[in-house]
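Once you scroll down, you'll see the structures, which are given as structure tokens.
Both complexes below contain chain A, partnered by chain B and then by chain C.
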Partner chain A sequence: MALPLPPGLTHAEVAFLSEMEMVTVVPRQRLESIKLLSGATPPLRPPARADLPLWLALLLKKQRRANIVPPPWLHPASLHDLIHRETKSDPEKFSAPPPPRPARAHASAPGRSRPLYDGESVSFSPPFLHGCTAAAPAGYLPYHWLEVAETLLAHAADDMPAPAGEIRGLVRDLVEVRAAKMRAGIGRAGVLGDEDGGFLDLTGVGAIELAENRGFVLGVVDGVRRIGASAEASRREEEEAGGDGEEEDEDDEDMGI
Partner chain B sequence: MGYYDVDEILTEAEKIPCTFNLTCPDLGYLDNNPSAPLKSGTEVSLPLWLAELLALPIPGSEADSAYATIELPPPLSQEVVQALKADPRAVPLRDQSAHFYSLATRMLDLFDEKELTAVLRKTFAVRAGEIALHARKGATGAGGGTAEDKASNLGVGGAGEEFLRGLDEWERRLFRKAHDGAKSGKEWMDGVKKH
Partner chain C sequence: MDIDDILHEVDPVADTVPRETRDLQALTRAWVAERSAPELLKWPADGLFERINDRIKSQIEKVEEMTGDMDPKTNFALIVIQTELERYRYLVRSYLRARIAKIDKHTLHYLSTDALRSRLSEVELAYATRHQALLHNHYLSSFLASFPPQMQNLNDVSGSHNMIDSPDLDSAVFVRLLRDTMVESRGVDVDGALEGKDGSILILRWSDAKPLVEKGHAELV
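After this line comes the complex of A and B, so read on.
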């Protein structure tokens, strides 16, 4: 009660967490490996690219010791593609997060792909999931896409593949498209049938978007629940009288985001 | 939810139409006629907290007898429900009752109205989508948008204002949540450059 914040993370907290995403840098100076709690950074040898946590990359960028290679999904072509996909070809869903094992075409065997990080186990969260490095696949948005995009646009605008203003415009478009989709999904919350499991598929929604909509969506879900509470109670009574009191509906009712 | 919830208390003060089944002496003042007893069959509007108790079956008597029978209050009348069915966004719920949903849930506890429940759920969700739109427009347009942004701003002026005036208490709270979210999002986005 002491903390007057709503449940969930604030934008600042989410943005802080996004700084552990790995990004690719092109160093301008040599730097030996640094032993961090999250593991040792690779030693930097000037022309060779290396993956660093975003916060360290930003620090080096500000000191002009490195250039950041923007992730491929931040390229205007990829963003155009994403906007097209979200509005035209698949207007129901949010675009998917990157696949857990990024793959790259096999040079020697055309038509086949090989996993990009050979010999590593599959991992699902940053800093082990490389959703923002130069090796990330284009056309997929990682969990921290908006934070990383905004941060890179603000601090590494000169490293962008296109004028930062253009990219920023596309990112904003994408944000609006997805927010509209979220609202449309909310409108379906009320006609939730007994059979279908849900009304809004949140797969692929980014951390910032969740932080922004958490309070609202929870409010809607709670409101719908309260309106239907007495009908639900009587239905459950009937069911229990019928002999098979199913407990699974209770879980559905408590489902939050 | 709870004893100290002001909205809950105000909801309980909403008037419900009741028909007395018994002739009650000394209750004539409820019908503006203090000298005569309240006759059975008289229709009076009583606050929800009282009506609810009077509508309960009398303990120790046969099954469906109660002091009074209650009906759905005007905010939940057939006309309003039909209008909500036609277009949830076009009905100013606040004009019906400032605690529309709160009242509705209380009445649904007393009446078993499946259809009404379905209509209300749909209404709430559809209007919630609209509320989110207005909240977002209001939040992002307020702080230094271009003139073009402001011209297309649904949240301020025109039809938007009318819709927002028709929100009941639950919806206002929802609007606030959506607005807070959108606003902190905007603040964060503006602040990225500074760090």
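After this line comes the complex of A and C, so read on.
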């Protein structure tokens, strides 16, 4: 009954999440709006484009009821650009995530654009950010980029803007560049070298890349913390007592609770 | 009716996101957080699960009504509705099971103080209490009864060691910032502080990330 999984999302769970990403489809048949638990779907009227969650788009694609419009960042030009940026212009960091909160102009009220999602009560995050629709910006990888790219390449290869093999090759290159960065980042960010300031910045990383490295990264960070626990406790005591700490408690496993 | 509904009536152009989508975002976030955090998090207080359960119930009824209809058009809609229903129920189930796993692991810890007890929902509290009672009775009848009376407790905190096992609150977690905010972190060598940007992903100790997550300035990923 209880979930027998360790903390942190597994690959399957990340894939499940990525299927909630919105993608743009071009319907081939009419389909009335369906009232779903997550809200009503837009009525489909060919050839008007509509945004649907990926799982539904795949279902329509399989039954040849719609074609999927690949997101602009999946075009070979955008991927080339990204690989260039990841290797040449900024080889230290992951390329930036899409700019937050895209604004949307109102057709009925020109000049009055507002953030796509406003209201302070809920701030939206992937997979609800529309980072994989046709309106997403090129040259930025959304959080679920790899899962969505792989899914689209596997199930909608004929809708791709270039031969699927070419895109797949570029995606592979990007994966490898970023995986190397992930490993190098752990060493450079201070965990194994300089001072450990208690945080690591991984901005721009993708969901599946996180899932893949979660065990290793968290293991390293937690291991370093345990090894340094007594040093940290004595430093803290010194800071508190103004610098006259002499004998420290060795057993500080549960400090800070 | 909440503030968004009122705003929507006054200004129908306003593109507010429907409540259903916001609830799905909240449920997804709660699930990811519960799957990633080292300790049990608060049960959502704003009636999220009541709303979700009601919706699932009425959706199931709708499916039952539609199954009688053999028209191919409704048939396809039915497939879509059932697929979505299964996805939704998987989320809810996985969330509850992740919580039960944590309750099972540290039952006495979560029952030990009122603050910790308040994190559990009513059903979970009943489950934890009963589970612990059964376990204690079983231990008593199998071996505990033959110990001296002063050693029969399972929750002794008086000695040098605390018998109640608790989760490691300093374990590292991944968080995503949801707005620009100041992040303070404790490290082995120095304590860090940085001005976090909206959308940044950081590795932090859970004890440092917790205040940010509770204020809604960050979420676990």
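Basically, the second predicted complex is superposed on the first by the 199 of 257 C-alpha atoms of A that agree within 3 Å, B and C clash if a C-alpha of one lies under 4 Å from a C-alpha of the other, contacts with A are read in each partner's own complex, and residues count from 1 in each chain.
Definition applied: contacts are C-beta pairs under 8 Å (C-beta built on N, C-alpha and C of every residue); 3 or more make two chains touch, one makes a residue touch a chain.
Please read these numbers as outputs of a predicted model, since none were measured by experiment.
Of the two partner chains, neither chain B nor chain C is touched by A:His80. When both complexes are overlaid on chain A, the residue A:Ile208 reaches chain B alone and has no touch with chain C. Applying the stated contact rule after C-alpha superposition, one finds that A:Ala154 touches chain B and leaves chain C untouched. In the superposed model, A:Arg45 lies in contact with neither chain B nor chain C. By the touch criterion stated above, A:Gly228 is placed in contact with chain B and with chain C alike. In the superposition on chain A, A:Ala184 contacts chain B only, with no contact to chain C. Of the two partner chains placed by superposition, only chain C is touched by A:Leu56; chain B is not. Among chain B and chain C, the chain that touches a larger number of residues in chain A is C.
The residues of chain A shared by its contacts with chain B and with chain C are 214, 224, 228-229, 231.
Residues of chain A that touch chain C in their complex: 1-5, 7-9, 13, 16-17, 19-20, 31-32, 34-41, 55-56, 59, 63, 97, 100, 104, 106, 108-109, 112, 114, 116-119, 121-125, 127-128, 143, 195-205, 207, 210, 214, 217-218, 221-222, 224-225, 228-229, 231-232, 235, 254-257. Those residues of chain B that touch chain A in the shared complex are 101, 104-105, 108-109, 112, 114, 117, 120-126, 128-129, 132-133, 135-136, 170, 173-174, 177-178, 180-182, 184-185, 187-189, 192-193.
Taken together, the chain C residues at the contact with chain A in this complex read 4, 13-18, 20-22, 24-26, 28-29, 32, 35-38, 52, 55-56, 59, 62, 73, 76-77, 79-81, 83-85, 87-88, 90, 94, 97-98, 100-101, 104, 166, 169-174, 176, 178-179, 183, 185-192, 194, 197-205, 207-208, 216, 219, 221.
The touching residues of chain A, counted against chain B in their complex, run 6, 10-12, 15, 150-151, 154, 179, 182-184, 186-192, 208, 211-216, 219-220, 223-224, 226-231, 234.
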